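One chain, chain A, appears in both complexes that follow, with chain B as partner in the first and chain C in the second.
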Partner chain A sequence: MTSPLNREALLQAYRTMRIIRDFEERVHVDFATGEIPGFVHLYAGEEASATGICMHLNRKDYIASTHRGHGHCIAKGVDPVGMMAEIWGKATGTCKGKGGSMHIADLEVGMLGANGIVGGGGPLICGTALASKVRGENNVGVCFFGDGASNQGTIFEAMNLASVWKLPVIFVAENNGYAEATSSNFSVAVDNIADRASAFGMPGVIVDGFDFFAVYEAAGEAIKRAREGHGPTLLEVKLSRYYGHFEGDQQTYRAPGEVQKLRETKDCLMQFAKRVTSRGELTMADIEAIDAEVKAMIDASVVKAKADPLPAPSELMTDVYVSY
Partner chain B sequence: MARKITYQQAINEALDQEMTRDPSVIVMGEDVAGGAGSPGEDDAWGGVLGVTKGLYAKHPGRVMDTPISESGYIGAAVGAACNGLRPVAELMFIDFMGVCFDQIFNQAAKFRYMFGGKAKTPVVIRAMYGAGFRAAAQHSQCLYNMFTHVPGLKVVVPSNPYDAKGLLIQSIRDNDPVIFLEHKALYTMEGDVPAESYIVPFGEAAVVQEGDDVTIVAIGRMVNYAKDAAASLRKKGVSCEIIDPRTTSPLDTDTILESVERTGRLVVVDESNPRCSMASDISGFIAQEAFGALKAPIQMVTAPHVPVPFAASLEDLYIPSPARIEEAVMKVKEYR
Partner chain C sequence: MSSSPARPTRVGIIANPASGRDIRRLTSRASVFPNAEKASMIVRAIAGLQAAGVNEVLLMPDKGSISPLVYRALDLKGPSTEGQGVRFLDMTISETIEDTLTATAAMRDAGVTAIIVLGGDGTHRAVSLRSGQIPLLALSTGTNNAFPEMREATVAGLATGLIATGAVPGSAGVRRNKVLRVQCDGRDDIALVDACFTGHEYIGSRAVWDSAVVEDLFVTFAAADGIGLSAIAGQLEPVSRTAQHGLHVRCAPVGDTPRRVHAAIAPGLVAEVGVREYSHLVPHEPVLLTGRRGTIALDGEREIEYDSGSRIEVKLDPNGPATIDVAATLTYAAQHRLMRGYVGDAT
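Take a look at the complex of A and B:
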């Protein structure tokens, strides 16, 4: 069996996942030095989800993201150089240093924002999808949320509303097993988050989040369904995060060696590379070239972010209103 | 051409005219159609008090009943505003902000700043407020002060039919999130309203009547009570200037300041609870900016620090009355 993707798309998929991984690994290292301000939540380990889903989207399709949003931003086309500057709180950042890690947004590319409020994005994405529907367009909205947000009323309300209004929305529950430190085995009252789909009159699909191709395929079906006017789907992507809830989290709630084992046996980048090279679709040279190019790009983004200026004091008072 | 219509009709007319003018304006909320999909849908409710009646049939596909899910649909209105629509979402009673405040104050209000000026969220959230209907503690609050506190929101409190129409049209055309608050006791108030479309700008207070002795700043329904009090005071030889801010955010502090510097006396009338209210906010501002001009301590006429009671005997005591306003004016007038 060959991949449903051509060479160019495979290179793009690997490159996107590699950018997310290297971006997050680098933020992890730099955060430990104390130079990065605020709260940072890393997406490393979950790359196949954002990438496999966003590869089906165009700029007019919106996504709503979470506090663990760097991966979604990168996959949706937000410039990682601007993102790095944003995380460092610099004037050159995606949001001029006014948002930070938890609020990176770029509406130009259909990225409605990482969101500091757990479950905040569900209602919002219903709105972007509604706007598309009212205008007779076929653009979709994707709401990424975690197992923690899966218990929020906003997500339930949004799923019901999306079904009632038959909106082109894909609800993507990224179940990484922990809401902060609380296990989803404890906090989610059903075996699978996807089981809740039937309560809202939509299909529920479970997919292995370590397998890019599985995510890509399941997302493709859900997005096609939405674009054709058949309404929303709930996709539960089962995956894991390689780091803590936030940077600095000692993760005492996790089993020793849990992450190490996942890295060695299930890692999405490793699986992807193995699969495409064994099939002869890409070569190790292709993979290594991307690794080198991405590493240089991330290194350069950090050098630039460090050197870039802080927002000027006059920026404190701007951008509150369009007019006031 | 102006003719007499009610506050409620003025709001309906503003919505109708803006929906006709701009296809990106949509209306959503609980029962705003009030029977979508039912046999009598064309003559259905049009809002619990009929404010949106008739719009559903007139603007097909753009007046949407919602499930009773305030977070869900208020958030959807916010999201739709980010993607090019100008939604007017009705929250029914302002008290229900408690179940959807996150979508208003953490999402809508924050996007522009948090995203470095790149977002535009032209959403209007309409809701009715105020006591006087024996509706008790969960359907009678004012709460405009809570929205006024939040940077990123604009807050509109029309006191009459003319302002209601012009301010609502401005709210819909405005590019920031607007909380548009309608006092339910004013829905039946009649006034001269031009048939054509017009706007009343934000941040421009109305000097309802000019006067020399005391400045009364009143909000929403209280403007009308202030007028009653002023008419009675006029007979006693006291001349009141009444200022209606019309929007609490932005607040026209210049007009208030100019008036108090002239009269030297201020009474603020606010139907909400007194702590951290518009009354305390305006009083604080004047104490800071016009201390030297004051001839008497500022008086606040507000509801007491209690929930809105049900029984008529108690609710009537709760709401500031023209008599209490008169008393407060006399107190500052006779201070020295």
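Take a look at the complex of A and C:
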């Protein structure tokens, strides 16, 4: 059984989800001003997935993320202040302002990187998992991908390889129902992505992505299984994104009121706060203190990002190529 | 076979597209039951129903898991299938348990005389919450179920049709099941097989697979060769579906009690369970539980979180849902020559 969550863990879970939410809500507002360069794909609504999974990981475990990577980064321990600067393209950013939203990486905390290549994370995470296995270490790799990427050959190849080599990998299909503007009901040939697991000889499990506790528990079992040498798992996390595929997406493919209803009835932060306070595990004062602290931190991160310098022209060719 | 009765006979079919995909695929060796096979089972069941004289079959729709396969297999034309004997209910699909509840209520309101259910214990529990006195044909779509049976759907459809049309009387082919009625702080719920009080603090991923968290287990019946939590009771004292009583097992950590039992609590998972004591559960006599904190799993899935101040009552009710006994129904049909036909005058 997955370890019960004590008060500190509950506070950590809420704080992480709140940071992700506020970070994304702020980027949503600021991107509309036209000041942020590049493209952003927001993770708001999906916080319970990244948080419930990454709370089981340590700094030596790796994750491979997606174009919708901010939540994964924050949950894995990347500094949100550096991330904000990175998104604003500043020299103080996590990747010195050269990566932007879709290439935030921080190997120090086991974050291989957001990834603009749909389905690109699967083969990468097999590499880290193989390295861990060959070295006799006990680390696992988590590959996040979406319902669109679930149809990509790279993901199939990675799942096959991970199963054949019994690699400590957890494939996390974050199924938010849309690959860009295409409904997964239309584009995914099976009704559940988790059903594909059996074709690769691994267990496949569906979990409610609005429920932190459901994700936390299922991820705990999958990660424990991987650490014990029993091989990969496919977790399908059913959830929804609150914003468009990218900022500026008009979302004409979604039903009117769809997101509002989710926010009002299923929101993961709302459910979490209601549950832990009704059971007396945390108080509303605990929740409000985190809300205030996080808001101040995000506000400050934006002020700093705006004021920070751009990369110098002389930095144009540094950190771009790696010599092995 | 006799010709179809003048009054249309309607039967409902509910197949849960989500059954067989929970965390037990990870924590045990439970298999994934493909939805393509569920669709095939529906088609085969319809063949049996129609052969028995059922005029109209109502199906629960879904968002593309099972229904398109049924459409294709039966060569149904267009969104409206009126006149073809098979019709999908017009309802909003939420992809939650609400779909099963809504579909069952709609079938009940449409006057179905039987419902075929394809799913696990949890699906059958959901249908039973709304089906009232309508007899159910309980078909298992997985390896981890106690209430429904693994049966060929054609035969199941035939038996259901014979009951639904009245060719076989309910007294010969329908049996009444026991049910556990659970009350917790004003909430009423049921379990068809088992109600398990666990040390899990959250509903979380719902399933119960760790025998160490099992504290109190109530069962309506317990087969010695069963699978799931009721197998714990089944290895202590088997209780048949038709017995008057159920069983209440008080479990304990293995190290705290000399009495232990080994039971198959999930596919591929045989657990050693410590048992403090067990006793018969007498119909209508409530058992009160207080002073603890945890979750209540109904038919294997955590459904209710409770606190130390909660007032919980469990009661065995012999008047649970009715189910169709396939063997008894078809035996009656054979004994009364319902399935025989003759060419020419052979009376």
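By our rule, the second predicted complex is superposed on the first by the 317 of 324 C-alpha atoms of A that agree within 3 Å, B and C clash if a C-alpha of one lies under 4 Å from a C-alpha of the other, contacts with A are read in each partner's own complex, and residues count from 1 in each chain.
Just so we're on the same page, contacts are C-beta pairs under 8 Å (C-beta built on N, C-alpha and C of every residue); 3 or more make two chains touch, one makes a residue touch a chain.
These numbers come from a predicted model, not from an experiment.
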item	value
Joint occupancy of chain A by chain B and chain C, clash or fit	fit
Which of chain B and chain C A:G34 touches, first, second, both or neither	neither
Touched partner set for A:A197, first chain B, second chain C, both or neither	second
Which superposed partner A:A105 touches (first chain B, second chain C, both, neither)	first
Touched partner set for A:V164, first chain B, second chain C, both or neither	first
Chain A as apex of chain B and chain C, Cα-centre angle in degrees (nearest 10)	120
First, second, both or neither for A:P256, with chain B first and chain C second	neither
Comparison of chain B and chain C by chain A residues contacted	B
A:I206 touches, of chain B and chain C: first, second, both or neither?	second
Minimum C-alpha separation between chain B and chain C after superposing on chain A, in Å	24
In the complex, chain A residues that touch chain B	62, 64, 93-99, 103, 105-108, 112-113, 115-117, 120, 122-132, 134-135, 141, 153-154, 157-158, 160-161, 164-165, 318-324
Contact set on chain C toward chain A in their complex	17-18, 21-23, 25-27, 31-32, 34-35, 62-66, 200-206, 210, 212-213, 305, 307
In the complex, chain A residues that touch chain C	1, 4-5, 185, 191-192, 194-195, 197-198, 203-207, 211, 213-214, 216-218, 221-222, 225, 233, 275, 279-280
Chain A contact footprint on chain B (complex, rising order)	26, 61-62, 64, 66-67, 69, 71-85, 87, 102-103, 106-107, 110-120, 151-152, 154, 174-176, 203, 250
